[in-house]
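Take a look at the structure set out below.
Chain lettering (A, B, C and D) follows the sequence in which the chains are written, and residue indices restart at 1 in each chain.
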């Protein structure tokens, strides 16, 4: 059976034009997808049953047993951490937040090691952005800063920017200028009209310099700023100022570099400065599929997009303190529930060590790095393949993913609702 | 020799993200990209193993050349190998320094560990299905 | 009155304690002070051995002494408006939040957000301070507004972020971006730092050591003389941050 | 279920012609009934003021831009936080509370129905998700058409029927309730950094004017026989001298509907400024209300501002940028492809700011100078003018000249030279307040057809009982009691069930979403129109198949069906 307009559940682009052929409970072909999508749909390799670590061996257990033990561990904890959430849909994330509030837990999502700093920056200065279709139909200048879409968001350029014709850009490739800013040459920088190579950790100064130039205070800019020549800075500022519609995209090259949120803030303030001259927008290249959805769901329930600490009953938020890496590094938490993500792979070693030290429960379809650190793993259906629900694209557009077939796994929502019911019962 | 380590997403690492016990994931995540001249300098060839050390820890990786890298800089795709050398310090932002970690690199004959044995070293128990 | 709080041994010593009720005025009248250990509410004497000496009729006469494993205790001195707190060792995050008067002395190190959004009073830290020392809160436009924070050792990154009033002195080194978004008040850095005063709009920052990675958007504005630790210093003066229409003053020792 | 009997209620029910009588109200199966059998639960309210459940006809509570207001404002979140308690979830926030925060606070104020003022069709699913998490009120969504390309194409072609067809398809697809135009044409111009300066300006590349968009949409709305009229946020919001634009806009409205208005103007306070700059801004409420008083087919809401901190959020992207340049605080903007835009900035309305004082006065003047309370409804355009929790204070200001005089002493003393407020003696009465906070909204939104806004048999049993005994207090003098009384009901009853009592929420809640489905002849089904489909697939970034909001998002949807006259 061929299913059209399937929503990809890999990255934040949420391409929704895939054609997937399904045979029973198996995906046999994918059209329109990128390499990552193909791997996601075709290379699906699941954990078969819930497993529990008993001393030095793994044993298979039932879902009921696994969920009951998970509930007991979480109820017993004085500082549980509920981490992940980006790989599942909003309805499950929502139960996650309610679980956290009733447990007095900290709940955090993968933005913590992705665009968390972007959120901190937005909280300082706001976010002049737009949906991706605005860029597709209008943009004549596109900037990718600290982002490598060819590798991380393979269809971003063909669906929304460089190669994608739009209403006011009938020949996009010719009509759009692409500027790439990075510390290294990448596949993306190779196709740029202008590549600005910045010293590692030098983004903040370069952004400040551009702001000064756009403001007409370029006279103070020295001959070189963090590896970039004064001439190139002026040229880039000029391209941006003379754009009819400029679109600035930034990636983790900016959020993870020294200065973190301040880099993003500087980029946003550059966009605001440019907005005084022309139309300019800025957007984070959100990575993990529905990470933006987790920010949205956390926000409407708790008021904060990530790193929410319910220890005191009310919601408290302070990244750097209530963020997962910090909590694990300080060895604060005494139990951890991981849902739809892989901190074992993506957190520094000290965090992995603490996950191994405490009871860690993982709800995830696949054997991943965290599996080896976990006490229990509960396999579930894969969002966008055999589970459906709401996901938010990197620009905030919500799309309902499709369920391609009815498999034998329960989905995240089912497992979490059972867990929530037990916890609610116990808490009265 | 001292280098500055950068980490990031790559399409290979991304492709195997749901199959992290797969040897291809290990290859994608345990490869360190270096400028070819730097490789000459420390006398390693493509496929050789190197020991990468930072203030935080050390890990053995496999070398691959990349002309796009400036000398003195190396790249490892994000994942458990890179995370053996990246510091958990977040500077009060929640975000570790994934982009700039000073490291030293030297050739070694030691093997590149599998993902599961890497986690075993962190106190975990390998799960093989 | 002197109140001595000595930490009791705990089964899970890494779980942070939140203790915003530990402020001098509370010990004058109350014996129901509550603290939190993770998500569990505890009575003060569940977690501390409490010794009280002498009388007091006003909070000014109350001195609270914290000893033992105090490095994970957060929010001590929050909203404090009188009296004195002495921490014999290290103290956890958010010590002296919103404090408006009184004095806090920390003999060891202070964790992040020391004196966050402080309004008045005095904090002296004899060891090192963490990140965001004397800074603001997420999304808020003003950080510390008054009082003084003095750190004998080093401070972390984002020191005095959004400083709007009062005086912050770090005798040792600061990390990255001290005085970032600063809009008033004075920041004195005895040692080195990197990228001082990014995006500042007002106030004065003095750096007596090296200012690494000096930002390109500060305009040279002559030379000034000043005194630090009893010595005359010649300083290069700058105005900025030009990226942000800033009118702050940044002085860096020549 | 034997039902519920509210005894000794002092009822004001304008739509049923009840102007203040002590009576009993019987409720069964979620409806008002003639009587209930013995055994029914009895609540004796001892003469307390009993009104139909409050209806907010213009508030921003759910959806992309509201949530972004939360997302970017941790400082606002910490301004109002409550822990989980009983059936209540955690809440955070003051000017942009979390969904549960909104729902509980509205509920304890007696509100049972809210219209979200602006929903971008492309992001409708988000609004509906948040509706589900606002469990104590029935929800409706104004759907944005101000910069809709297909609409502007139809306007240019002077094809009202096609415009109607696009509206019908879109409302059905996104489960929207009514047509909202926010700065018509301006949001498209903002796609290039521009704006509309008058109703006769030209939208770049589309060759239509705001006036043409407004006129066409008013006609299209009536062709579809939608329950509500066009809901309009005029051009030039917040610009000194903008009252001319507003008067020109009012002049565009024909009288096309016997049941209700043909044009609804929202937050008119922001559109009633004289002067030429912020220095000489003055009130033009007299001009505006004179126009409204002579046109019974136009209804407005106040858009009152109240002093203090809040967050402004609107689909009017260019206006927010102007405001940002004035305040230089944080600024968010979110343009939505082919449809609309939005912007958010935090503001502080200060008694020390003459401009803010003038704005404050204008809102009150609109209500006091409009003769017919059915034509001027109470709103703050929450949270733009103030968070909705300020409604009780506004009610008290409208009911008490003394309160206004006391406020006069606290504000910028020059204010009286720029506004007529302090020359107005009128004090509204309980009946007028009931009209302005529920009955008027029910009529203007066309919700009486589904039993909203009144308390006679057959109506939805949405009831608000306030701890106010109208005979025993003089609102003109005891205005603080009016504030306190309207802040916290004794009982809020939603669909026959007590949901809040004495300021405490007592049940988890299960609301409905109300939407409009206009049936059009097959030749007007845009879902099958080749040109519409082609444009959709070429210029949107989501597939047409993935655009409609599925039924699963409206677990208890109420569909208002109409037959289009096409």
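Operating definition for what follows: a contact is a pair of C-beta atoms (placed from the backbone, for glycine too) under 8 Å apart; a residue touches a chain by one contact, two chains touch by 3 or more.
Since this is a predicted model, take the numbers as computed values, not measurements.
Enquirer: So, comparing each chain's Cα centre against the centre of all protein Cα atoms, which one is closest?
Expert: Smallest offset from the overall C-alpha mean is found for A.
Enquirer: When A-C is set beside C-D, which has more C-beta pairs in contact?
Expert: Counting C-beta pairs in contact, A-C comes out ahead.
Enquirer: Mind checking the centre-to-centre distance between chain A and chain C? Centres are C-alpha means, answer in whole Å.
Expert: 34
Enquirer: Cα centroid separation between chain C and chain D, in whole Å?
Expert: Roughly 46 Å separates the two chain centres.
Enquirer: So the centre of each chain is just the mean of its C-alpha atoms; given that, what is the distance between chain A and chain D in Å?
Expert: Their C-alpha centroids are separated by 34 Å.
Enquirer: Just how far, in Å, is the C-alpha centre of chain D from the one of chain B?
Expert: Chain B and chain D have C-alpha centres separated by 56 Å.
Enquirer: So which bits of chain D are touching at least two other chains?
Expert: 72-74, 78
Enquirer: Using the touch rule from the top of the page, what residues of chain C touch 2 or more other chains?
Expert: 112-113, 131-132, 137-139, 158, 176
Enquirer: For chain A, write out the residues touching at least two other chains, lowest number first.
Expert: Within chain A, the residues that touch at least two other chains are 120, 123-124, 201, 258, 310, 312, 317, 319-321.
Enquirer: Return all touching chain pairs.
Expert: Here the touching pairs of chains are A-B, A-C, A-D, B-C, C-D.
Enquirer: Hey, which residues of chain B end up touching chain C in the complex?
Expert: 91-92
Enquirer: Would you tell me which residues of chain D are touching chain A in their complex?
Expert: Per the touch definition, chain D meets chain A at residues 62, 64, 67-68, 70-74, 77-78, 81-84, 89-93, 97-101, 122-123, 125-126, 129-130, 133, 149, 190-193, 205, 321, 324-325, 330-338, 344-345, 538-543, 545-546, 550, 552.
Enquirer: Can you check the complex and tell me which residues of chain C touch chain A?
Expert: On the chain C side, the touching residues are 12, 14-16, 18, 36-40, 93, 112-113, 131-132, 137-139, 158, 176-177, 180-181, 195, 198-199, 213, 215-219, 241-245.
Enquirer: Going by the contact rule set out above, which residues of chain A touch chain D in the complex?
Expert: Those residues of chain A that touch chain D are 4-5, 7, 16-17, 90, 94, 98, 101-102, 119, 122-134, 136-138, 159-160, 166-168, 244-245, 272, 275-276, 278-279, 281, 295-296, 299-305, 310, 312-315, 317, 390, 392, 396-400.
Enquirer: Hey, which residues of chain C end up touching chain B in the complex?
Expert: Chain C reaches chain B through residues 112-113, 130-132, 156-158, 175-176.
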